[in-house]
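Below you'll find the structures, each written out as structure tokens.
Next, two complexes with chain A in common: one pairs it with chain B, the other with chain C.
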Partner chain A sequence: MRLARAGATLVRYPLRSALAIAGVAVAAALLLDMVMLSSGMRDSFRTMLLVRGFQLRIAPKGTLPFDSEATIGDATAIVTTLRQNRDIVAISPVLGAQVHLLGARSGAEVTSFALGVDGAVEGDYELERGVQVGGTDRAVANAAFLAASGARIGDTLDIVTGFDPQLRTYTGRRRLVLAGRARFYYTASRQPVLALPLTTLQAMAGTARRDRVSLFMARVRDGVDPDVVRDWVDRTVPRVSALSVASALKQVDARMGYFRQLAFILGGISLAVGFLLVTTLVTVSVNERIGEIAVMRAIGVSRAHVVQQIVVEGLALTLLGTLVGLAIGIVTARVLNGILGDFPGLPASFRFFVFRARAAWASLGLLVAAGMLAGIYPAWRAASLPIAGTLRREAVA
Partner chain B sequence: MRREYDIGEQRVAAVRGVDLVVTDGEYVAIVGPSGCGKSTMLNLLGAIDRPTGGSIEIRGQDVGAMRDDAATAFRLRQIGFVFQRFYLMPTLTARENIELPMAEAGVASAPRAARARMLLDYVGLAARERHRPSQLSGGEQQRVAIARALANQPSLLLADEPTGELDARTGADVIALFARLHADGTTIVVVTHDEDLAHAAARVVHMRDGRIVDDPGAGAAL
Partner chain C sequence: MPGVCPLLLLLGFVSTAPAARAMRGPDTTRVTVPIPIAIDQQLADDAGLRVGDRVALAGEPGATPDSAVIVAITIQPADPSEVARREYRLHMHLADLQTLVGYGDRVDKFAIATRRPGDDTAVIGRIDDAAFGFRAWRSSDIAVRTSQTFRVVSRFHRAIGGITIVASTIFLLCILLLKVEERRRDVAALRLIGISRRSVVTSVVLEAGLIALVGSAFGTLVGWIGSLIINWHYRGVYRTPLAFSIVTPEIVVLAVGLSLVLGLGAGLAAALRLVRVPPLTLLGR
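Right after this comes the complex of A and B.
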């Protein structure tokens, strides 16, 4: 019956209850988004790195993958060396370069980022349609490339690279068959990208890129600590720097620490706002019903039961607000991910806000607990007022 | 019993040493001018206030010395309160208001609903079971409040100006209801300015300045 009474009281003041729920919902949505933001970038980065199971990135000494135009020479020899370690089960060499499409169907001049890959072990994209990169001339492109060029799967593309502005010539030119469409993990969503056979791109780039790669991705056998293999690579091939997912995440943590602090502070503020909001509303509601509460006490309702009923009212407001806030928070996170996803240079698969059920429930549970606690003091205070004096004052009022 | 209040630096006596004995089944009206201590005495009898001196014994229990939880349980089972302003819970229906003290006393849902219906019938409001206080007239609200006061079959019914907010006709209904309750064996102490209500009581106690100045039943009770 106490639950029914609490519900009836909330229905009795519909506008106030609706405003309270809306206020708690906003606080809950902000709290949820801050929790999603605080761990989202890290989680998204981790997911992105491990999307195809490659736990190690091997880049030129002292660099991070693709943060410069530096390349690793004698790639074939390095692959042979890496294969000596039985804990490395797959190696995916990648060469990055800029290419141009001549005679695009769209008539536009299309400049694209190109990745030279081994189609059998590539880890840079997910093939959406068509056939994998292979042979000497089978290439795949992303939707942005197809949109810019007007090309269709099956078309032959006239691709050039290595433009020399003095001679006005290119170092390499190939006719490639567009065999498929792919979604690339590590490039921006609006950046045209083309993947083609590694040896073809190396040959097109001329002597400067012969047997060179920008990066190796390595997959480690299950149960083996990637950092042990990383140390082995650093010792065995001094010309390169190996980076495990764990060490990459450490760098992310170091660089993005302020984002997490900001998220924690804003999350804490939204929690405090939710707490104060419920405290205020419960206090106002209790003050309006002091007479009712005194009558309940006079007819024998125990102090604990009066407190329970009022706390249940606060809890119901917080619970409903939190549920609404959960929906608002998720929608807001999606919208913000959409907006921030267009940020120049960010990989298309990168997310700022990532929903993690456990963290979300924990934070929203904290808000609900705060809402419950918020009701206890005003409820106890009201239930402890002297009954006769309160009734006399109410009668006079 | 005595009851004094500290108001600022002044100590004000509301009840200045009152001796009152009420026997089972009696119908007592306490009358007197405003501020003479009638309501304070009623509050003391009902264990919603504590005496600053003396003692109050109801059915062998020292009400004035009870701790809060014991006094609450005592009120729940032994006292029925009727207030001038009815004080029904606005969010509950007539039946739910009557069920409230029974629910608090742990009476199961079905028997308490049955008793609430029986009490509504007793006070002549069987058809108003699902109405909320705002849908009832003042007289009807007061009859629901009386039914609520009777919910846990209390040994003492206390009423503070029960006709104070009612017009003459509905006040007469309430007076008739009290008379019927008295005839059915309920012990009633009523505080009132209403002469009709006072005359309906079997014993009228007059108070002035915190003291009983006339109590025709005092000798008999002693």
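Right after this comes the complex of A and C.
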């Protein structure tokens, strides 16, 4: 009954109702997008860091992984030290360097980022085709490298390090077999990347990179707090800085905090806009029906019934708007993700907007609750008016 | 080509303890003549360093450090591309840095000043032809390449701006529609005493326009205050003199113009609907 009467009232003013639903829909879409943005970056970054289960990154003292050209010396000794801690179950040493491909099939000059890894414990990529990095000459490359070089799996690559384009000299040269294609987690999608055995890359880079790595990734035993192991690493190996996922997320918050703050501000504004819109509409609607409400009260309809009917009106507007807004929000999130995905150097797997059902329902539920609250005051005010006086005023008017 | 400035950009590591503290123990630095360096204000503030302090400086962690003396404190230029990185900057003579990091007689790039602005194309061509392996770039081209981040952020802001404009438009249309519909009885009375439809529509549209104008003036004031708060907040967070939010005359004209057009449009649409209804129906008879 209440629902039917509320529906009839909304249908009686179709333009007004349509505008209200559209307004709530846009507010809901923006709110949903901002909730996805505020939690999305952290979730995406966390997922990316933990994709292979390595909870710790160990970089040169005072630096973040691959944030500088600094490397860690005496890598073998450090691995031995780290293995003394029984809570560390796997260590993946990684060396980063620029390499140059000589005589590319495509004829282009191909400069690529190279990762020296231990194929047995690597955590930087997912092998899509072929076989893993191994031996002294088996390498894998990403799609961007294959596209730039025209190389195919099974080809032999002539790779050099320390290439001087002016004198055409280099510090190290190896012939590597392209054994597979991989998708790298932490590099930009358009950046050519090659992974090769760590010892090979160290040897190619000469004395400057002998027994040196850019970082270690460490996997901690299940049930052990990674931050406790991080503190142990910092104490035991003073030349390095260990970074857990929690501390990495703090760095992300510091660098990308702007987006989170923007999300909170715009999310708050959309909630306020939705609330104001429904309040205004319900208030005006109630003011227009003061006489009708007084008649209902006069024929014995209870105050609570009147209040419920008006609240249901506000709730219906908000619910319909929120449902439409959910669809709009998901579409706009994809568009906005596409725009922010063009950030230079951003890993291909990184997402700014991540849909988390719980957060989405909580935020949209908040909007629906705001819409319901928006109807309570005007409804109560209308239902509390003196019946006889109101009817007289309406009759005179 | 009157000026050529070779640049070597490498990361160095500086022990942030001033000499008064760092030199109490045995001096492990390599050289006795300290390297003169200039540090930026942020490093000076964070590490409590002053001009005249001695610090230990190494090319990478764990390497034997050299002794350096702070001879100047600089202020970082307001470079948007650096704002989120929060890196410290340290300047020293090229030869000192080459020695410190074992870079030999190498540089990362040369900055070249031409005699006349129009000379740059010819100079670029001569450099590219003369020295194989070199590639010359205009500073403006490099600026375009390095400003990709800001182009992305700008596109994101425009997209968000588009969504908020749609939301504001609907909100404004709703409010003005309701505002005009509240005047049903007034409009009916005006029509009954013989005021023409045209006059009624004009008065309603003018009223809607006035409301939109006053509202947008108030909104501009709120936006301007918001802009001041944003700049104050982010300048503090990122410790930079950069302006993060600027209220330009073009933005004000766009906001006021848009709300005025929407206000007048909504007023006109609602007024036309009202004057088409017979006055007695508007009065509920």
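Note that the second predicted complex is superposed on the first by the 370 of 397 C-alpha atoms of A that agree within 3 Å, B and C clash if a C-alpha of one lies under 4 Å from a C-alpha of the other, contacts with A are read in each partner's own complex, and residues count from 1 in each chain.
One rule holds for everything that comes next: a residue touches a chain if its C-beta (ideal position, glycine included) is under 8 Å from a C-beta of that chain, and two chains touch if they have at least 3 such contacts.
The structure displayed is predicted, hence computed values, not measured ones.
The wider contact with chain A, measured as residues touched, comes from C rather than the other of chain B and chain C. Using the contact criterion defined above for the overlaid structures, shared-chain residue A:Leu336 touches chain C, although it does not reach chain B. Look at A:His305: by the touch rule set out above, it reaches chain B but stays clear of chain C.
In the superposition on chain A, A:Ala357 makes contact with neither chain B nor chain C.
Once the two complexes are overlaid on the shared chain, A:Pro386 sits against chain B while remaining clear of chain C. When both complexes are overlaid on chain A, the residue A:Arg255 reaches chain C alone and has no touch with chain B.
Applying the stated contact rule after C-alpha superposition, one finds that A:Arg297 touches chain B and leaves chain C untouched. Of all residues in chain A, only 1, 4-5, 8-9, 11-12, 291-292, 295-303, 305, 386-389, 391-392, 394-395 touch chain B in the complex they form.
The touching residues of chain C, when paired with chain A in their complex, are 10-11, 13, 60-62, 84-86, 131-134, 148-149, 152, 155-156, 159-160, 163-164, 166-167, 170-171, 173-175, 177-178, 181-182, 185, 234, 237. By the touch rule above, chain B contacts chain A in their complex via residues 39-40, 43, 46, 48-49, 68-69, 72-73, 75-77, 79, 81, 83-85, 87, 89-92, 96, 99-101, 103-105, 148-149, 152.
Residues of chain A touching chain C in their complex: 15-16, 19-20, 22-23, 26-27, 29-30, 33, 60-63, 68-73, 164-168, 239-240, 254-258, 262, 266, 269-270, 273, 276-277, 280-281, 284, 287, 332, 335-336, 339-340, 342-344, 397.
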